[in-house]
Amino acid sequence: MIIAAIDSYLEVAPLAWRDAVVQWCPEPTQWLVHHLITIVAILAVFGTLFAFTPLAERKLLGRLQNRLGPNRSGLPWWQNGPKLWGLTQPFADAVKALTKEDIVPAAADKLLHFLAPVLIVAFSLLTFAVLPFGRHLVPVGLDAALLYFFAAGSATELAIFMAGWASRNKYSLLAAMRALAQVISYELPLILSVVPIVLIAGTLSLQDIVLAQGFWTFGFLPHWFVFTPWGFAGFLLFLVSALAESNRSPFDLPEAESELIAGHLTEYSGFKYALFFMAEYFGLTALSGLGVTLFLGGWQAPCAFLQFIPSWLWFMGKVIGMLLLFIWIRGTLLRLRIDQLTRLAWQFMVPLTLINLGNAAFWSLTAGWTGPLQLVRWGVSLAIIVIPFVLLGRRLSAGRHPRTYRYAAS
Amino acid sequence: MESLEQIRDRLLARFPGATVTLVTNPGVAAEHSLLLDAAHGAELALFLRDDPALQLDYCSNATGVDWPDKEITDVKKTTVPDPAGGAPKVVEEKTKHVEPGCLEAVYHLYSMALRHGPVVIRLRTANRSDQVKLPSLTPVWRSCDFQEREIYDLYGIVFEGHRDLRRLLMWEEFKDHPMRKDYVDPDDYEWEPTPHAAVLERAKAHYPVPPAATPPEAPKP
Amino acid sequence: MSVSDLSSFTPSSGPTVRAVKDPFHGDLLEVSMGPQHPSTHGVFRMVVTLDGEVVVKLKPVFGYLHRNHEKIAENTTYLGSMPYTDRLDYLCSMTTNWAYALAVEKLAGQAVPDRAQYLRVILAEMTRLVNHSCLVGFLFNDLGTSFTPLLYAFREREKILDLFEALSGSRMMCNFQRFGGCRVDPTPEWLAAASRLVDNYPRFLDEYETMLTANEIMLARTQGIGILDAKLAVNAGITGPCLRASGYNYDLRKVDGYGFYPRFDFKVPLGAHGDTYDRYMMRILEMRESVKILQQAFRDLPGGPVMDPKAKIRGFRPKAGEAYGRIESPKGELGFYLISDGTPNPYRYRVRPPSLINLTLLEEMCLGHTIADSVVILGSVDIVLGEVDR
Amino acid sequence: MSELPSTPLPAPFPAAGNITDADREELRRHGILMTSLEELYNWGRSNSIWPLQFGLACCAIEMIAAATARFDIARFGAEIFRPSPRQADLMIVSGTVTKKMAPQVVRLWNQMPEPKYCIAMGACAISGGPFKQGYNVLKGVDRFIPVDIYIPGCPPRPEALLHGLMELQKQIKREHLTGADAARHTRPEVPSEFPIPAYGAHDLEPTMNPAVWKPAPPLPRSGKA
Amino acid sequence: MLGSGIINGLIVTAKNFVGSYHDPKRMVTVQYPEERAKLPENYRNFPFLITENATDPMGTLRCVACQICEKECPPQCIYIEKSKDKKPDATGKPQLYPAVFAIDTSVCMSCQICVEVCPFDAIKMDQVFEVAATDRFTGLLLDREQLAKPNSYFHEIHPTDAAEVDTRLATERQAAEEKAKAAAAAKAAAAAKAAAPKAAVKPAAEGGPTA
């Protein structure tokens, strides 16, 4: 009983705190304070998450590579104090970035060069407005939240193009062109991969989509969309598209360190560079949040009896899990080439997402099948997606396979 | 593989106008070489590459060697009969002459197909100053491409028929040919902490003039 | 391969370049990659002309690490050049040492004891392991991994370097070979540790291959990219794994049989396509053969001195003459051409650098591929700038 | 032996120690706020030294080795090797600087934003090292750009590079933002960009930058033949 | 199937990640400067000079200023000036000593050739590598006083080599002493004979190892 009380309090705690502050303010400013607190809260939470994601990335990559990663930063003002496992590393980086000289190349387009990092952060932050962080925590409860998310999210690529164009650097220009090709190619599979969700859930509101996943079979098998054949396929397709949209390895072509120095970032120094860095991780976090919302049950607990843990903790946990998955992929994979990247999008991802849409339609039509028919439903649905996957995959990798070699004895 | 003498004879038979000389190597390795004349160098090389018995399809190494002008003292001994009827006298007459130096391009050829080699061929320029042209063997063996550019850069041999004869290692504005024996490197010496021999001599020019009075620490035991 | 089709081949005709201004395609973009670029393996520079992302012209520019090795060696004694050879190909100092020692021994007619010959094979093959695993790591870096394969390769490299350090005193600059043998005799503990390491090496290779050889992106990025024709390769003097990846069987360990290589049972892997993937696989397969050679060498290592007692360290003056000694270094044929005039310093000292000559066909290999592929092709050729520019 | 003149050199390899109490007192005199700011600032910069991904020769391999698992320069927060000079704080000159390369090195240094530091790693970068007498070898990178830490060795072990990095961290932690001994980057009159030498017919022109290069005072020696 | 290679790769890196927590083979970082890997005995960095007696380092340098290392040093980083007088060395023989002995560690390439050519075992390779300095000349140009290190230090860093050298030197010393004794005896005998004073002209102890 007490647990339930604490739980229900924790669930609404952020809202309650906000309301307490808002009530304390004079009446005419209440709406403003209400929104400001929301914005500040989002910035604070995800800002902190942003601070630690690169650290986690550096540590995790270190572990993948059999080393430790940053662990010696310690504290300022306490020279020989504890090293704190390097947890203060992001703050050292921030101090350094803030105090670094800002160089604008003489030949650069000064205005665009300045605007690009500002815009990219702004656009990537806008997407957070519609994500349902918890049962009661939805900053803006738009009905067409999904559309808004994609509209705001794809604007970041424009900022990348601005950065590449404004820098007047050949590498930056190449990167800008790559970024455009990449975003145009992957916008389509990204959106198509989430259309099945809209089809099944029957809504564009993210909160309603989460609510549609809030059931459990026997109390511990969650009805998340990822646990259906079409949902799983959709999740994988979404994951690949999200990697491409956020320019992460193996699709980090605009940055392509080994080819284009630092791509569109080549001419950015100091805090402007940090802003790009920030935007990359904000974008990644937002896409993880969307993936979690759409496929992994959002803020829903995986088992019914785990619901006592506040929903926003579940959401954050799942987002962090997704981020770690992205980092793991980055630590393993190599980069595609630009033509292969676009070919993958148009010849593989788009057909598969379309087929998956049909698959979802089938799933939705056969919602009434029960008993042994349920098995048929699963089998057919699996076949609908696996067979095209194998066939398209074969076509995509035609003629490329590990080889055997001959030896000369002399 | 045939001996170098046989190859020479075959070359001479095939190209009657050419001169091919056998240069013996006195060392332990006894890798003798063939000196080809510059005028026929390219044809001779092509023959060496395409001859079915030789098939020297692979030019492993191409390099330059600088042979500076040498002052040679000849000692000429003449026996002068003593007019007085005594024992004939040996008169030594010393004459000095300058043996003109040359720049030399050396190629080490192997056959990958028949797995034999090396056949060493050499080409010499007429002198070291103005007549430094040699035929390029890059059209015969592509592997000479960068190596001939390097020889041009470091020794100053001009290879005629090379498709892209630019300096390879030094910058374009550079004027000298630093691998020549008489090259003097630029004077960027200063006070050297641990100099000796030639370096000390070069560095000394940059030492401050020692004060006339004995410095307090100068006298070394 | 017949010779007649070689003579019809005209290497002087350069690659075709779309130089005309084509209103349909717009202008060409000239990009100077290097000398400071993450993927040029040092201070190599390529002036690349791009049509979109496609390379239509590529001019390599050398000399940014030209540190006058040959000139310095002509002013130094024969022994004094030995530590400089470490710095030629600084990833594999043991083989460069050996190549130089081999050339001087040929020049001076110096014999080498059996144990030293075996030791040289052991160290050269361990160097091959180091070089190839590092190369593969760097290649994957060029392909866009976040250093992970490189760091796995360097993890293994450290183990071998520990052995080199315990034997010769330095991790990279071993300065180990002498004219007439080796400087230090390894202890039994060292040999046991080395043998253990070699026995465990295939496990690392297996893990490495599981991780990347069958990776779909890897296959897509390397197969059919940078194809090198065998005939052209022979004419251009390409040697080592690059040549063998094109299917031409020419390995100096077999051809010249220098050292004690004829005593070992090993095979030479050959590619069929001559593309980047074949060049990568040649390295992996050669490492597996190297492990076999090493196991035989540890088994058969004879006793005795490691240095010819008649060999001279100081006051070494070979008879006047010249010699060209060459070995199969991990990068290709590494040769030393020495002319002695009987003085303590060589009259002419020349290094035949495999890295430089293997770059002869870089432009041909890169044309028509994208800029992303050209860095990978460069990576698969395996160059070390210390040797390219000397 | 006592009659031999004592050497003008200080103790071997003077180690740059931690902040001493005297230093702290000095800091206090600047005022506690300034000191705190200074310490925060110095802490941030010293723990986030991103080197330029820039290898010249043999030492570059040991520099890479310092970033690998055994030595792990990441522990110091310095594993982010930035390929673009715009984002780098530290230039590790790792290897022989040839005369052909020198203009590029100076250009890269000019492209780096302040505050920037330079480590000359290895004999060649310090003085030309074993290749000192070569016609195309610059006798030390400090003829054109200011060097903060010299790490001798040929090549230095990766641990030696880590040691050099720690020395640099200590040096950064001792810097002041104001006062007579303020750090180089805080003083506008101190140049941050240097003239780039041009390729000449025989040598670089000029062969050194007198604003940067201070040749050593010759030691009293008898000067043998 | 498409993707299997990628998944295999992910499994390998995951194995390494998990292994980094429990398997020392997959967590190879040595946390310098707190932890240090043991340097092998053969490790060499810069040369140092051996003195016999730590209390009088300049008086007991083994170096006799023969300048062989200076000549053989490939990068020419050694500078020696001979003394004008002679001092008795360990065997009591009068020898020259280096009045100036400088090594420029900013040029030294750690090749060990000076050690190999030294006939007196006077120069050996040190193992100190933490030598970063802020000044190129005052920090990196080492003179006699900075280079001299006692024989006990040599034993500490290269025990095998040092033991060998000590045995060899001991035998040489013994041989020299015996020779000196024999010579002295001969001299005494000669003096006793009081004839042919020229026999004593040749100093007996000059047959030691020279270049």
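As written, the chains take the letters A, B, C, D and E, and residue 1 is the first residue of each chain.
To be clear about the criterion, a residue touches a chain if its C-beta (ideal position, glycine included) is under 8 Å from a C-beta of that chain, and two chains touch if they have at least 3 such contacts.
Remember, predicted model here, so these are calculated numbers, not experimental data.
Engineer: Need the graph distance between chain C and chain D over the touch network, please.
Structural biologist: Minimum step count, chain C to chain D: 1.
Engineer: By C-alpha centroids, what is the most central chain here?
Structural biologist: Of the chains present, the most centrally placed is C.
Engineer: Between C-E and B-E, which chain pair shares more contacting C-beta pairs?
Structural biologist: More C-beta contacts join the chains of C-E.
Engineer: Quick check for the class: compute each chain's Cα centroid; which one is farthest from the centroid of chain E?
Structural biologist: A
Engineer: Taking each chain's centre as the mean position of its Cα atoms, how many Å separate chain B from chain D?
Structural biologist: Chain B and chain D have C-alpha centres separated by 42 Å.
Engineer: Measuring from the mean C-alpha position of chain B to the mean C-alpha position of chain C, what distance in angstrom results?
Structural biologist: Measuring from centre to centre gives 28 Å for this pair.
Engineer: CA centre of chain A versus CA centre of chain D: separation in Å?
Structural biologist: Taking the mean C-alpha position of each chain, the two centres sit 41 Å apart.
Engineer: Hey, what residues on chain A touch two or more of the other chains?
Structural biologist: In chain A, the residues touching two or more other chains are 64-68, 257, 261, 331-333, 397.
Engineer: Of all the residues in chain D, which ones touch at least 2 other chains?
Structural biologist: In chain D, the residues touching two or more other chains are 4, 68-70, 72, 75, 83, 100, 130-131, 133-136, 154, 157, 216-217, 219, 221-222, 224.
Engineer: Listing for chain B: what residues touch at least two other chains?
Structural biologist: Each of 169-171, 178, 193, 196, 199, 220-221 in chain B touches at least two other chains.
Engineer: Pairwise, which chains touch?
Structural biologist: A-C, A-D, A-E, B-C, B-D, B-E, C-D, C-E, D-E
Engineer: Which residues of chain B touch chain C once you look at their complex with the stated criterion?
Structural biologist: Within the complex, chain B touches chain C at residues 25-31, 46, 49-50, 52, 55, 57-61, 63, 65, 106, 108, 112-113, 115, 118, 120, 138-139, 141-143, 145-147, 154, 161, 163-164, 167-171, 178-179.
Engineer: Residue numbers of chain D touching chain C in their complex, please.
Structural biologist: 52-58, 60-62, 64-65, 67-70, 83, 95-96, 98, 100-101, 104, 108, 124, 130-131, 133-137, 154-155, 157
Engineer: Can you tell me which positions in chain E touch chain A when the two form their complex?
Structural biologist: These residues of chain E touch chain A: 1-3, 6, 9-10, 12-14, 16-17, 19-21, 26-29, 31.
Engineer: What residues on chain E touch chain B, complex-wise?
Structural biologist: Interface residues on the chain E side: 70-71, 76-79, 81, 83-85, 99-100, 102-104, 107, 137, 141.
Engineer: Mind pulling up the chain A residues that touch chain C in the complex?
Structural biologist: Those residues of chain A that touch chain C are 61, 64-67, 170-171, 173-174, 177-178, 249-250, 252-253, 256-261, 330-340, 397, 399-403, 405-410.
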